[in-house]
Amino acid sequence: MDLDDTPEQVTHRAQARAWLEQNKDQAPVLSGPGALQDEDEIIAARRAWQGRLAEGGLAGVTWPKEYGGQGLGPIEQVICSQEIARAGVPGILDAIGVGMLGPTIIAHGTDEQKSRYLGPMLHGDEVWCQLFSEPAAGSDLAAVQTRARQGEDGGWRLTGQKVWTTNAQFAAYGLLLARTDPDQPKHKGLTMFIVPMDAPGVTVRGLRQISGEAEFNEVFLDDVELDEGAVVGGVGNGWGTALTTLMFERVTIGLGGEGLGYNSVRFARGIAADEHARRDPEVRKQLGDIVSELLAVRFTGYRTLTALQRGQIPGPEAGLAKVTIVNGAIKAGDLIADVLGPDALDQGSEWAYMISFLPGLKSAGGTEEILRNTIGERVLGLPPEPRLDKGIPFSELRSKEGAAT
Amino acid sequence: MDLDDTPEQVTHRAQARAWLEQNKDQAPVLSGPGALQDEDEIIAARRAWQGRLAEGGLAGVTWPKEYGGQGLGPIEQVICSQEIARAGVPGILDAIGVGMLGPTIIAHGTDEQKSRYLGPMLHGDEVWCQLFSEPAAGSDLAAVQTRARQGEDGGWRLTGQKVWTTNAQFAAYGLLLARTDPDQPKHKGLTMFIVPMDAPGVTVRGLRQISGEAEFNEVFLDDVELDEGAVVGGVGNGWGTALTTLMFERVTIGLGGEGLGYNSVRFARGIAADEHARRDPEVRKQLGDIVSELLAVRFTGYRTLTALQRGQIPGPEAGLAKVTIVNGAIKAGDLIADVLGPDALDQGSEWAYMISFLPGLKSAGGTEEILRNTIGERVLGLPPEPRLDKGIPFSELRSKEGAAT
Amino acid sequence: MNLALSDEQEFLREAARGTLSRVKTLEAAREALDGDSSALPDLWPTAREAGWPGLLIDEAHGGAGLDAFDAMLVLGECGRVLASVPLLGHLPATAILADAPRVADYLPALASGERRAAYLPSQPPTDVDQRWTADPASGLERSPLPTGARPDANGEVKLSGSYAFVPDAPGADALVGVAVIDGEPAGVVIMADADGVQVEPVRRYDATCSLAHVTLKDAAATVLDAPVESLAGAWHLAQALIAAQSIGSVETALEMSVAYAKERHTFGRPIGSYQAVKHSLTEVLRQLENGKSLLYYAGWARNGAPGEFPLAANSARSVAGRALDYAARTMISVHGGIGATWEHDAPLYFRRAQLSRRLLGGTSGASDRVAGELLAQAAA
Amino acid sequence: MNLALSDEQEFLREAARGTLSRVKTLEAAREALDGDSSALPDLWPTAREAGWPGLLIDEAHGGAGLDAFDAMLVLGECGRVLASVPLLGHLPATAILADAPRVADYLPALASGERRAAYLPSQPPTDVDQRWTADPASGLERSPLPTGARPDANGEVKLSGSYAFVPDAPGADALVGVAVIDGEPAGVVIMADADGVQVEPVRRYDATCSLAHVTLKDAAATVLDAPVESLAGAWHLAQALIAAQSIGSVETALEMSVAYAKERHTFGRPIGSYQAVKHSLTEVLRQLENGKSLLYYAGWARNGAPGEFPLAANSARSVAGRALDYAARTMISVHGGIGATWEHDAPLYFRRAQLSRRLLGGTSGASDRVAGELLAQAAA
């Protein structure tokens, strides 16, 4: 058991560090003096920087070489991330595309799709977004209603609404889950598509959150035309293709370390400034409980990495790290605001945004409750809840729900 | 809105107080100097004292006069309880009988049953126990398996096992829920019986709890013979009869005040002794949170009483008071043991017993989870969980469960 | 024994609900948050019409001569719809002034609402802290009260010091609280427009809560002849009022959450049929019912058992504050992603919960006092 | 980067599990609780045979020369079955002695287990409390360490004072901890049979935990030349060991609860299919996994990053202690009424949880230190 690099990893780390040393002046400045302010400029600069990272071999580390990646393992990916963080420069802009959607296309896409899309994705020339969730299909993802109908020429027409879409406002493409056969039970009859975000009929609208910021978007599809080649993984196989994406999402979360910027020292700093609070037994007890759990997540990430190195795929329990992070950060926000008082809730406070943002995050990526169901069943082997929607055609299911309401 | 007695209640309270003043020397001494030690002597003394209270009109206050009660309302019952507590003497021994089982017989029993059983019950001459729960029918009470078969002479033979039975070791009679028709769905085909605890085939065995004490008993029934007159409320109506008992149980709990002896001042006393703890912000915060909730229960009791006075029957939400009390007392035990250290867990400590006893109490009387289901559905009107056992004959259900295991 | 509302109280509550239902308070709260502070309707005329400003002033001085519980009923209705009615500041101030014969002439204007007062939160000593303190502008350590030297024959004095996060201070005519005069705590009233008085409005997170930092520099004040019990009582009254307001908000949060849980389906079932949702909502109900019971306790104790009022009011605040916190979070999580969007009402209740738990000594300050009261009883 | 067990570690763990599976530890725990203290098997010979006493002593002195993580694996196996092996006392004591050249001759007897040592819990200063302290016999306030005057040339000194709730002290040959010698903290070793040493066995709630109050009255002690880092390190090591032991108990509690939740039916469904049960058990898993991750952290940090060892060991203790508490309660509630009966194993885990959270500074003491370490980092 050790946390040290192997000799090969030492070399890899040195290379990454050297490259960053040479190139970090080209990185966009996002905070502090000289920071870019204009949103469009920031995006443009981050796209260019992603391209540079890809050229330097610091993006798509685990992608096969034939698609522009390094063909290396997850540990090398983490080493690059650590070195990027150490250099104090931004990482890639399109973490969703490179981390989850690209690997899905690599796994299920046609040769044409791979050669057309992967290169521009990796280099930040074309940003991607994930069009899975819908207003009535959040945690129950297989309930998507966006309808794709095939014409006689083999092409498709899509109509529906997606929601909680990150990066949609500047994405070139989206990977979209749609229902192609409503007469099948809900997990069948789904198909995955590649959608150009500038196609006629696609409308993107920012979705404001509690904080007042539009962290996510709604995406409306009004009779959007796609050709036959837009299908990823075959017609009717959309659920299996989506599961691949979700598996890569878990890997991303599992390796997230203390992740999301909610780290222990930052919270401690929020409290250490108040000499009275620093010595208050109640504040200390709460802080100690919270940061102990957040520290654990870092080492859970290392355990996940060890498993990945051994070729094991992380199971749904990787999602527990997210539960720990989100709930820990929520408690930390509460504690800090109790210490600082209402000023912690001021718009200018570094804490107000976090306090506003987290309650929504608890619901993002599958609610905590559904995650606990999945883990209880798949990891602990507990029996499932009775499922009333099994084997029933989706169309029939919807009318039943309507009647029950 | 007031907490004061009406003029009638003032009179009633004065009468109770005067009676207690005259008679309290006859009350058994259960703690302190001169306290009775022998378990049998204690029971005998408490039975005699119950008889005296009944004669004085301080027991069975809400029972109709024709059965030896006072025919008064719940407020007068509470006044008597308050005065008994004030006088520092024990209350009645058979609170289960007088509070829950007697009222069930009054509601559902035959005239013969009423005239035979109610008098001796009220006076403590015959103590009763409640034979509902079984090893495989705890929170799901309607799953009882104790089998009653009717012979050609109309008499019954009972075989089965009951558990969590308070007072069984010295009870004269038990009110027992048994299955008389397994081919009916589970809530049908149940019948309520009166069982003499000295009948051949009845065996009582103490059931030791975490604390080491036998708070409850197991009761085994091995081909116990009862005559036709033992049925309460009619054959096949056992579930409805049991619901009456449970309703009276809720009334009892609802009026329990801070109940079960877990009151705020006692907990505060456990901490006040430690000068360091008394000033510790963390200890104070926790204590304040706990006792605030326990205080609430007292006033919830007054609200319940107000409703009862107006002829309203308390709903299942009365059970929330128990949840508050038990969870509050568990937290208080934890806090006090954290303050006092391992000595709080010493056998001689007043807290060790409470700390041991409470986790079991959380499961007693229907688990907290089932209670929350019931309240969610019946009080908030939330939709029920899918029930897989509805309308299916009990015998078939059991074989299904067996197969699933 | 009767813990039910009287017919008059039922009427008071229904009237308040009816009156407030005619104002789009939630929409206004959202617009105000978005920068349009003129969006918040001025509800003081409404309050005057309903007779709320004089609730705690006796009839001889033009008030309604009602008690804390009646005021709590009105605050509860405000809390239900997050209505911005400046009673949390006004009512405790009138409670002090009503006990100070020296300023009795001023009461009718306050009772009618022609003049509006704001209470300067002044926390009485606890079993372990002998000082009177004010809420701090920042940090955990409480602030000393403003001080003044010996007053003149008319009770006039110059005060210096500050009170932070004073509810409803912006626009108030008179500020009423406690100061340390010649080394002893005493009630004071300060005219907001006097020299040396600075009322700096501050907005934090919930636009419906009107707050200000009040700074005094040799500001003219009148020392009140209200007894010290009355000064302490105003603090506890403020705890009971904010508790009632919070419990009102919990009621709405629960109702909206239950309604959504019945409608919204996932995996082929209404989400309210799942234990996770059902048990959370039952927990909101449990806390709500406990809070309501303690509102009765506080409402009764203020006159029925004044010695218990600190315990009653602060336990109500403690339970109600935590209930609102839990209810607002549950409201968001039951609604899923939609509950965290700007257009939804859930975030408004969440913002209210976040802010109000930190006002008037904070929810945790109330718990601390409950502990202190109990520990003192236990030691006696 | 490799956070997996080595083959040797796998073997060590499997061997420990195999060895302990041959002893009816749970039955013994129950009988001992019932008054038959002879029911508890003496597992020291078993420990000797397995080489556990010398785990942390180097090979040159007859030990195995292994590290904290290996010791934690063994403690985890003891925790799984509530085996009463006196390693929680012995191992931290050997960790101090191994750093004290003056008593190197004594190490082989400790390594072989011919002699047994017990660690006198001595808590190093925190960021807000500059004293070294001992666990108090009662109450929240920590006790001062025993004191002695200047030692003679051989390092001999007379000590007076006491250490409460010393794990595994009954029957130990040597007691090892920290005392204040001539005003400065120093390591000390005391022979249990020396004059002025009183080892009073105390039993609290969990018969499998051997404890004693140790009282010294001018008792002869040898001052150790171990560095102060080693003295502090023993405290943190004890935290890591009790954390590992607790996590072992959580594993069993979870396994037994999951098994029962699959079997037991209510309302026509296995109880494990209900969210209330499923989510509780998932929560146990979450806490268990967090605890395990921190055991890796602590196991790695003791040599890999000694500056982080206090943070690592105490965060492991904090999470593991709370995990055991939650797991034991969940075990009882999942089992329903039966889980609270004397014959069931759940109460044994509950008793272990109740007691161990209050030993060695307590779970909350560990949280306090985690906060202190982080606050110090944040201030730097």
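As written, the chains take the letters A, B, C and D, and residue 1 is the first residue of each chain.
Keep this in mind: contacts are C-beta pairs under 8 Å (C-beta built on N, C-alpha and C of every residue); 3 or more make two chains touch, one makes a residue touch a chain.
Keep in mind the model is a prediction, meaning the values are calculated, not measured.
When the interfaces B-D and A-D are ranked by C-beta pairs in contact, the top one is A-D. Taking the mean Cα position of each chain as its centre, D sits at the greatest distance from subunit C. With each centre defined as the average position of its C-alpha atoms, the distance from subunit C to subunit D rounds to 49 Å. Separating the centre of subunit A from that of subunit D, both taken as means of CA atoms, is a distance of 40 Å.
If you average the CA atoms of subunit A and of subunit B, the two centres end up 53 Å from each other.
Among the residues of subunit A, those in touch with two or more other chains are 280-283, 285, 369, 372, 383, 385-386, 388, 404. Residue positions of subunit D with contacts to 2 or more other chains are 262, 269-270, 274-277, 279, 364.
Taken in their complex, subunit B has these residues touching subunit D: 133, 135-136, 138-140, 143, 163-164, 207-210, 212, 274, 276-277, 280, 282-283, 337-343, 345-346, 352, 355-356, 359-360, 362-364, 367-369, 372, 385, 387-389, 392, 397, 400-401, 404-405. Subunit C contributes residues 33-34, 135-141, 164-165, 202, 204-205, 211, 262-263, 265-270, 274, 276-277, 329, 332-333, 336-343, 347, 350-351, 354-355, 357-359, 362, 364 to its touches with subunit A in the complex.
Contacts from subunit C toward subunit B in the complex involve residues 1-6, 9, 69, 127-128, 254, 258, 261-262, 269-270, 272-275, 277-279, 281-283, 285-286, 289-294, 296-297, 299-300, 304, 311-312, 314-316, 318-319, 322, 364, 366-372, 374-375, 377-379. Residues of subunit A that touch subunit D in their complex: 1-5, 9, 75, 78, 264-265, 267-269, 271-272, 278-279, 281, 283-285, 287-289, 291-293, 295-300, 302-303, 305-306, 309-310, 317, 320, 323-324, 369, 372-373, 375-377, 379-386. By the touch criterion stated above, subunit D contacts subunit C in their complex at residues 274-276, 279.
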